């Protein structure tokens, strides 16, 4: 409870991070992944974290009937004002790509704002992804990879990349705090599982911040 | 409950819908005449007293029984029970052992000392009954109950007539006979033994007379015989034996005749020591007048039968027999073929004749064929003089005689009151076809335990054993109550419209015509056939 | 033997009552205090077997539950003739929802009673053969498999009588109905497996399954009593002849039910947890012809020329039942492969 | 307290606060999360006393709910799409019997072709089943409406369907304040059924009613249903006060800048939010959201729309051959007013309703009477083209038939 109160106090004091960073009132986020990778849960956790930071948040999946392995998309909007729209996120501020193999698809990047963020789950550095042609004009500091599956496997024993992705998202965008992410994980998961995921999120967060090497 | 309109209804509210209007036929309870009742010469309501006996209320059953027949213990032994022959149950498995139950009830009454009903107040009328046989006793009993003063005169020393003097004790122990006759006489009947009535014109002081002298004269038949041949009448043989004598018959006895008396004589002869008793009869067994039960009993006791034979001549120790054969009309015709039959004595049992001398001088009385003629009210041609029993044209049996007595009593009573007895209304027969026999459980006849045949011939002990209380109850409950409701609740149960109600009196059920749709399920499922469908009145 | 064994009393154990029996040993139907759960004034046909069966079943259920009973009724003859506004013939709490959903409604009722802690109140659902073996079958099967505490009673008159005698899954082979006319080489209802719901119910291994007829009242009452002594899903299948649909005299309703049992065409038995535990032996077996002949729905089998081949096939069905359930106490045990 | 919850979860928790006694349920996407959550709560004893029945079909679900409701238990179920249609007979029956069941319909398209995504074809198909139909514009309302639904249902002895756009709301995570148990208890007294199966008062429920009374039964049902709007308004006000959130006060119709607007967009359900976003940037356009669709609040709607120059009804269902279902209702509510009512069919089978498209649509000068939003004209043109090609084939077949007949005649 102390933690939660601290988080809330900290976030309420300031405006939504994106306002300062990119001058918009809303973070529009798309999460791409495959069935079974916890894509919907990623959006959900993101929404819980942002909510804990005091924001209005909306998260929803792309409502597919896809089974394990099929591409899945989930959406998240974070705002300081109540969110009314229900349409899927098209114009996108942040793309979270849980599986680098999805990069081969054509419909990943359309709608990404010029100064948008892209976070790809990959052990390789951005430059090795071969996306120069498609994202050539984007701000390089907002295009990052994180070995989320690797981190997850190390921390939790399961190759589900959602917690590291959120941790990395927090580090990359500042749209949510790491404390809120940890709180969301603890809200969503039972104690033991939550703590492992918290470790994974922290690791990814620190990785993005450059505090640890890629292959930690 | 705040129930919504029309969708929700109150319980049982359909009772306002009188479905009785659907009906084109309606069921009615009937009391049909059961075959046992119809067949009973004594006019017993057999089904009625069995119904009561079924409930184990033996005293009430006995009371119903003695309403028609004051000699149930006797009848239970000597009656040839036409009721059982008629019994519908015979078509299902075996006839109900009505006779056994009757005997049981009669014996129970003697054992427990149950008393007959109290006679009605004295009417001041005096009736003379001539003859203390079953017919006379029956009439005297009924007349006495009706309040009339009855005087019985009999030529014999003891009352009972043929019951005492012709029926062997092994069929009818005398203590039974005495007990039942004593009970009748004790009602206040003036019995005068050893008082033959020879001329009725000489009798005065009676308002009516009932003649029941029976047929006590052995039928005269000419049998050519050697002087020393031993020939005797069956009635003498039976009478002497009943009186305690032991007539000498020899080793081999021939009995000539095919009636019940012949059978009794043959069976008596066996008990008197005859090694062989042979019935000589001119027709076949099928045509024998003797009751089949008696024939069977006789055969079981070793009596031999010589069918299609007449006695041509009797000599000492030997009879000459002519073989007969039946013509196309079933009449025996002589063949001329002769043979000899060893016989130390010949007992004649060729029927009995009526001694009608006492009415010969009475104006108006007709005697035809040796018997006294009576009208449908059992009155002779002489007003106030009635006759019954063996002396009138009729089958001759104790049962018939008792029936005559009762019927005569009704008619005498009416005559004394200046009216005419109305016959009971005709009731339709309760036939087997009307029964739903599915409901009657398979239940074997309770066969009266019978003495071992070998033992039977050695003494005069009663040959037919008795039911005990349990078996009597069981046997009574085998009654299907033909044509009469016995309260099985089937009609009440199978009515899909709950249109049969239980009522405390009468039949126990009534049709609720407000609801009865006339489906007749109750009729079909009535085990006893005691419900009829009749058209709705216009 | 489910039927109460009664010492010989003139009409033995087969009649409704018996004045010689102690009151407590008589059938419920013989009692002047019976509930008359379905009372007078209903609009059933003359001689309706279903009206009779329903009263038999419910009166006993009422007695053994001490009146703590609620009922659910399928659409069908029974429902229509008993509850035309503004009159109801029911004296028990009674709910009619639809044709197909009776078992589910009853499940809901049972669930509500359980949730309310009123487990003293028992639930009885009832319907005809159409509402049971056909349109209501899915719901019934669901009720069975969930283990809901309901006694479901099917009053089987072997066709859709309410709508004018059309074939149902319970219509027997060669019987004429309005949708299986007695014409063509195979007249009447096509022979097939039919839907033997008692056996299907047994396959659910529910606590209790029994068959009965309106002709064997003691047996029927004993089965209702047995059923109500148990919890969980129970199924009772009662043969109720229909004068209209069978083309029989109204007065013959009970008689025909009896002949159905005696012919072997309608085996009367009970089963617990999927195993047959007892049968009502055939007391006096009859050829099926004796049962078929009084019914106009089979008249085409006895036309000129008669269809003895089809009668023989019906006889084979009866023979199979007799062998399967060992219905004939006098029968030499069936030889394998015979 | 607001929590970040999935819509389904919020609905389930709210329903649990309503203390249902029996929940029969059959799974169908996208209703599943609601009943899964309730089933778990019953299993864990968090919702007690309650029986959760895993029935074998939606038909059985509604049937069991009827049985439970008429036995005095508060009954709830949820379904979608084909499931709703599969239980149709029982849905009508529940209304006819006056069983105050509450059912969530997670709105979804009807097949064929089978489609698991959102539109409102399912509940629209059953709009005249005699139920009160409430449509949730957002997830807070979706939760709140269930409390109101139970109260309204039981006050009127009429079943209530709470329609929630499938996936769009049921699977969306949002900050939602699930009403506190104490508040629900205050607003929703224990269930006192109008009629009940009871051995101590053995009524016959569900009689057969003939021509002599059926009309009256229906008239009374109509009267009863028509009393729902004021009752709903009253209960909603009471509830809003209890939760201390005036903005959560539900209304039969919700006026968003609609009164006095030139153009009013009429809509049901979750498209409301997007529409409000859109009209914020267009002068003279307002939104009227219909929350209570059945009974149809004609007077309330007319009161708002009376001054408008143009009405656009956004329909999330299609009556093939007759176009807009809600449009017909709106037109009849506006009888006598000379105002064009245009139909926009949108969001069928899960197609997103985008703000840009709506903005374009509303700006379009001569909007046709019926418009399909974001219709893929290329596909339509191609397919219509193919059909045009096929037609002569049919004619040829006809000619051939005539010829062969002629041949036979001549033979």
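Letters A, B, C and D mark the chains as written, and numbering starts fresh at 1 in each.
We adopt the following convention: a residue touches a chain if its C-beta (ideal position, glycine included) is under 8 Å from a C-beta of that chain, and two chains touch if they have at least 3 such contacts.
Only a predicted model underlies this, so the values are computations on that prediction, with no experimental measurement involved.
Across the two interfaces under comparison, B-C and B-D, the one joined by more C-beta contacts turns out to be B-C. Closest chain to the protein centre (all Cα atoms averaged), using per-chain Cα means: C. With centres defined by CA atoms alone, the chain at the far end from chain A is B.
The distance from the centre of chain B to the centre of chain C, each centre being the mean of the chain's C-alpha atoms, comes to 50 Å.
Chain centres here are Cα means. That of chain A falls 114 Å from that of chain B. With centres taken as mean Cα positions, chain D sits 91 Å from chain B. Per-chain Cα centroids separate chain C from chain D by 43 Å.
Across the assembly, chain C contributes 83, 85-86, 88, 90-92 as residues in contact with two or more other chains. Contact of a single residue of chain A with at least two other chains is seen at no position. Shared contact sites, meaning residues of chain D that touch two or more other chains, fall at 97, 198, 201-207, 209, 213.
Interface residues of chain C, counted against chain D in their complex, comprise 67-70, 72-73, 79-80, 83-86, 88, 90-98, 100-101, 103-117, 121, 138-139, 141-142, 145-146, 148. Residue ranges of chain D in contact with chain A, taken from their complex: 2-4, 6, 29-30, 116-118, 138, 165-169, 171-175, 270-274, 276-277, 350, 352-355. The residues of chain B lying in touch with chain C in their complex are 6, 9-19, 22, 54-55, 438-441, 443, 474, 477-481, 486-490, 492-494, 496-499, 502, 508, 512, 514-515, 517-521, 523-525, 527.
Note for the complex: chain C touches chain B at residues 8-20, 26-27, 29-30, 32, 36, 39-44, 46-49, 51-52, 55, 82-83, 85-92, 217, 243, 249-255, 258.
Residues 21-22, 24, 49-51, 53-57, 59-73, 75, 89-90, 93, 97, 197-199, 201-210, 212-213 of chain D are the ones that touch chain C when the two sit in their complex.
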